[in-house]
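One chain, chain A, appears in both complexes that follow, with chain B as partner in the first and chain C in the second.
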Partner chain A sequence: MDDLYLITVLSNIGMISFIALSAYLLLVVGEISFGQQAFFAVSAYGSGIATAMWGWPIWLGLLWGALVAGAAALVVAIPTVRLRGLYFSVATLAFAEMVRLIFEIFTYQVEIDGELVGPDGSDGFRDIRAIYDSNVSAFEYMLIIYGLLAVVLIGFLILERSRLGAIFRMIGEDPMLTEMQGLNVTKYKILAVVMAGIVAGIGGALYAHLATYVEPKIFNVMLGVHALAYGLIGGLGTAFGPLIGVAIDIGLLESIRAISGYRMIVFGGLVALLLIVRPRGLLDEAAMHWLRGRWRGLVRAES
Partner chain B sequence: MRTLTAVLALSALLMASGAALAGERVAADVSCTATVEKLTYDCMIMLKGKKSGDPVEGAEVVVKADMPSMPLAHNVRPVKAAAGSMPGRYTATLELEMLGEWALTLDVSGPTRDRVVKKLDFGGAADETEHMHGEMKDHDGDMDHGEMKMEDAQ
Partner chain C sequence: MVDFIQNCLDGIMLGSSYALLAIGFTLIFGVMRRLNLSYGPSIMVGAFVGTLVYLEFKANAVAIAAATVVGAVIVGIYVERLCFRAIRRGAAVASMVSSFVIWMQLEEIVTVVFPDRTYFFPPMVTADPIDLGPFFFKVEYIVMFAVAAVMTVLLHWLLQHTRFGLALRAVSEDPRAALFMGINVGAVMFLAFVIASAFGGVAAYLIVSADGQITPLFGLWATFKGLIAMMLGGMGSIPGAILGGLLLGVVEAHSIWYLGTEYRDLSAYFLLFLFLVFRPGGLMGQLAVERELAATRRV
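Entry: the complex of A and B
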């Protein structure tokens, strides 16, 4: 049972890392989104429908879920990225709540082997069993989660060293100055929102297939706020920042059983404290600059 | 990079392979009673074949709990249920982290393999004040003595 518990905790850390990375990408371009859970939800339902109801293979279901989430993000991005600051945050929150409420009434079921399968409003969507029926063990599924997370993380690290990554950071620093460089800020922001939607979507699809059951309540604002907080805790200087935030919340606080029941209170306090002393998180841009300098110095000394 | 390639190859293989295991689907009834320990519940699980109605005997049942309103936030230790006094009956003791609605995932293996998710409301002020007596409200506000009812079928 201890092994299963550990695998569950590690799988949870892996899955929530996707939505944390998704919120982080938007923080990099200077936008605070309270609505990344919407894309997590859209993909969870979309991929679940594809595999459980349409009989698609799991890899195609995951891809479909991520693409549907990306499409939903595009729909949100076009009218909202011109909004600034708090207005964008409120718009994303409103969209996420709208998605959740739509799933509360969304019913689409088909009969498979004598059982009704599919979303049934607030009763949720049961029997998303593509992974379960394929007899994939919890450990093997954890490897799938971390395999995909590694791919996404490598993508982020490549992005950070690319021209696009530099433009994203420039927009985050000063959108007006970026515009004056002849760059179309709106276009790049839309791209960032869509990319963030796809990343959250991968997490949502993985979650639905691990849990085999989803319901609208899962995708409430709590998930979005946590996703945002992970980046703010871990730091906005690198894509490893939000992963550190997730590890602190789920890993460290969970391991201290004495406070596990009060974790949300401790977590909230931690976010508040860090926003005061390190507003851009533990691994902020300055910390990363210092670490990279130290690393280069070490490499030079070695050679 | 080689390790990453190996992990990805394994992932692709796992996704592509594996035949569904046949067997009758399982229907479950779960009722939980508060114990004297705070947030600790004794749960009785009745398993039977969904179509035949026959009790599922000799199964291994692992119970996991998650809070739908706080997904991935609570990692309650999975508990292996013990066989009870009647055919198809199993018992498990759950240690939860807070009151509220929980989704219990029952992983059944052995003579048949299935996963059943049941939602249960461990809840409210009544539980806090009356847990010594195991008396609490269910979703409809009716009083149940010593047990909580399932919100829905599987």
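Entry: the complex of A and C
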């Protein structure tokens, strides 16, 4: 019983980490998105439809969900990416709320084995049973979640050492200066939004299959703003930042049952104080620079 | 035709409450240039202070309204100190996220103190709707509309004809230059926040008393309706906030009538999205946006 609880909490941390990473990627290019939950939602529905209604295997369903989320991100990115600051943030909010409200009325059902399966407006989408039908245990599914999270995280770490990562950080620092270097800022920003959409999409597809049931109101703006907050708590200097944020919020505070009813009163106050001291999170760029320096020093001392 | 006009009238009345919310929002944004997500929740707490005064002392409408405003201002000061003053100016995202976690905090404090979630809120007036030919008006909304108009005039006077208004406009234009002119930037921002919170408190009282009930969800509702109305009207423009609020109300009223309740928010967000893509400056702020774009192009 306790094991199952632990597995559930860990699986949740893993899935929410995807959307936190997705918000983090946009923070790196200097944009605040209130709308990453839209891609999470699109993929949850998309992959659920693929496995539960079209009978696709799970892995194909997950891939499909991520692709649909990426395509949705491309559709949003093209008209909105030239908007700056709060305009972009509110545009992503408007888009995400539109997606949620469309799922409130979206009905698409087929009969499978005498039962209607599929999204049914505000009643949600039941019986996304692919992992149970193929006898994947909760523990195995957790391993799948963390395996994919590891792949994405390695992707992020490679990205941060690459030219593309440097360009992303540069755009976040000063888009006009980047433009002057002869780089097409709009194109790179669209790329960042699409990548972020895909990352959120992986999380959404995983979520739909673990929960077996999704309903539109899960994907409200609170999910997206939490995702943003995680990146800022953990720090904007490294992709581990958002993971730390998620782990602190869900893991640490979920496990301290004593403050369950007062969780946000304590946590909210602590985060507000943290942001005063470290406005770019625990592991910000300066901290990472220092850590990397120390690491290099250690490596040199060893050899 | 009668339906259409009645819808417009309903929309304008509904929109007055959005306009009230947007005014406070735009005032804070205009000066701080940072988004205060806690705006709705802090006036929600104010309204709960009003509820408390009502439950404990069976107070009259004036006392409840006063308690609501005072509560909103006190919470507003808390938010200003913690999320805006204490965080350096460059870190706009940190301020926004900070105001978000404080939102969560306020909401939980309210749920702990008021465990029943939904509470009765005494109405301001108990009058029947006024009939005028085929059309009818609700008295509460006429009051709201009038208060929104008075607030606009008051704010216009404050901003354009007082020393404080001059200082406020200077800070909103360029805080560093204002500082060099000997303006106490921190004090001006603080006062702007207090004024916005007081206006928000008035808005909260009028809206909640017209609804006859209050829940902690009012915070979320107020933040997002205020934000949409502000963006539709044009960020930082007071007349824009009024027009944006009215436009939002009219669009919602028509969507409810012609498309159904489930399309109410969908059409509002669709309109907002279209505005942002094609006319990000909203109804009244396009000039400022274009000036900024032109400046960027010159560089």
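The rule is simple: the second predicted complex is superposed on the first by the 298 of 303 C-alpha atoms of A that agree within 3 Å, B and C clash if a C-alpha of one lies under 4 Å from a C-alpha of the other, contacts with A are read in each partner's own complex, and residues count from 1 in each chain.
Heads up, the rule we're going with is that a residue touches a chain if its C-beta (ideal position, glycine included) is under 8 Å from a C-beta of that chain, and two chains touch if they have at least 3 such contacts.
Just so it is clear, the structure is predicted and the values come from calculations on it, not from any experiment.
K.L.:
Kindly classify A:150 by the partners it touches after superposition: chain B alone (first), chain C alone (second), both, or neither?
P.N.:
The first partner, chain B, only.
K.L.:
A:16 contacts which: chain B (first), chain C (second), both, neither?
P.N.:
In the superposed model, A:16 contacts chain B only, not chain C.
K.L.:
With the two structures laid over each other on chain A, which partner does A:135 touch: chain B (first), chain C (second), both, or neither?
P.N.:
First partner only.
K.L.:
Touching A:263 in the superposition: chain B (first), chain C (second), both, neither?
P.N.:
After superposition on chain A, A:263 lies in contact with both partners, chain B and chain C.
K.L.:
May I ask you to decide whether A:57 touches chain B, chain C, both, or neither, giving the answer as first, second, both or neither?
P.N.:
Only chain B; A:57 stays clear of chain C.
K.L.:
Could you say whether A:116 touches chain B, chain C, both of them, or neither, answering first, second, both or neither?
P.N.:
It touches nothing on chain B or chain C.
K.L.:
Which parts of chain A are in contact with chain B and also with chain C?
P.N.:
In chain A, positions 261, 263-264 sit in both the chain B and chain C interfaces.
K.L.:
In their complex, what parts of chain A are in touch with chain C?
P.N.:
Residue list for chain A touching chain C: 27, 32, 79-80, 83, 86-87, 89-91, 93-95, 97-98, 101-102, 104-105, 122, 176, 221, 225, 228-229, 232-233, 261-265, 267-269, 271-272, 275-276, 279-280.
K.L.:
For chain A, which residues are in contact with chain B within the complex?
P.N.:
1-2, 4-5, 8-9, 12, 15-16, 57-59, 114-115, 123, 126, 129, 132-136, 140-141, 143-144, 146-148, 150-151, 154, 207, 211-213, 215, 217-220, 222-223, 226, 250, 254, 260-261, 263-264
K.L.:
Spell out the part of chain C that touches chain A in their complex, as residue ranges.
P.N.:
Touching chain A: residues 29, 35, 37, 82-83, 86-88, 90-91, 93-98, 100-105, 107-109, 112, 224, 227-228, 231, 235, 262-263, 265-266, 269-270, 272-273, 276-277, 280, 296, 299 of chain C.
K.L.:
Can you list the chain B residues touching chain A in their complex?
P.N.:
Per the stated touch rule, the residues are 4, 7-8, 10-12, 14-21, 25, 39, 51, 62, 64, 66, 68-73, 75, 77-80, 97-98, 101, 103, 105, 115, 117, 152, 154.
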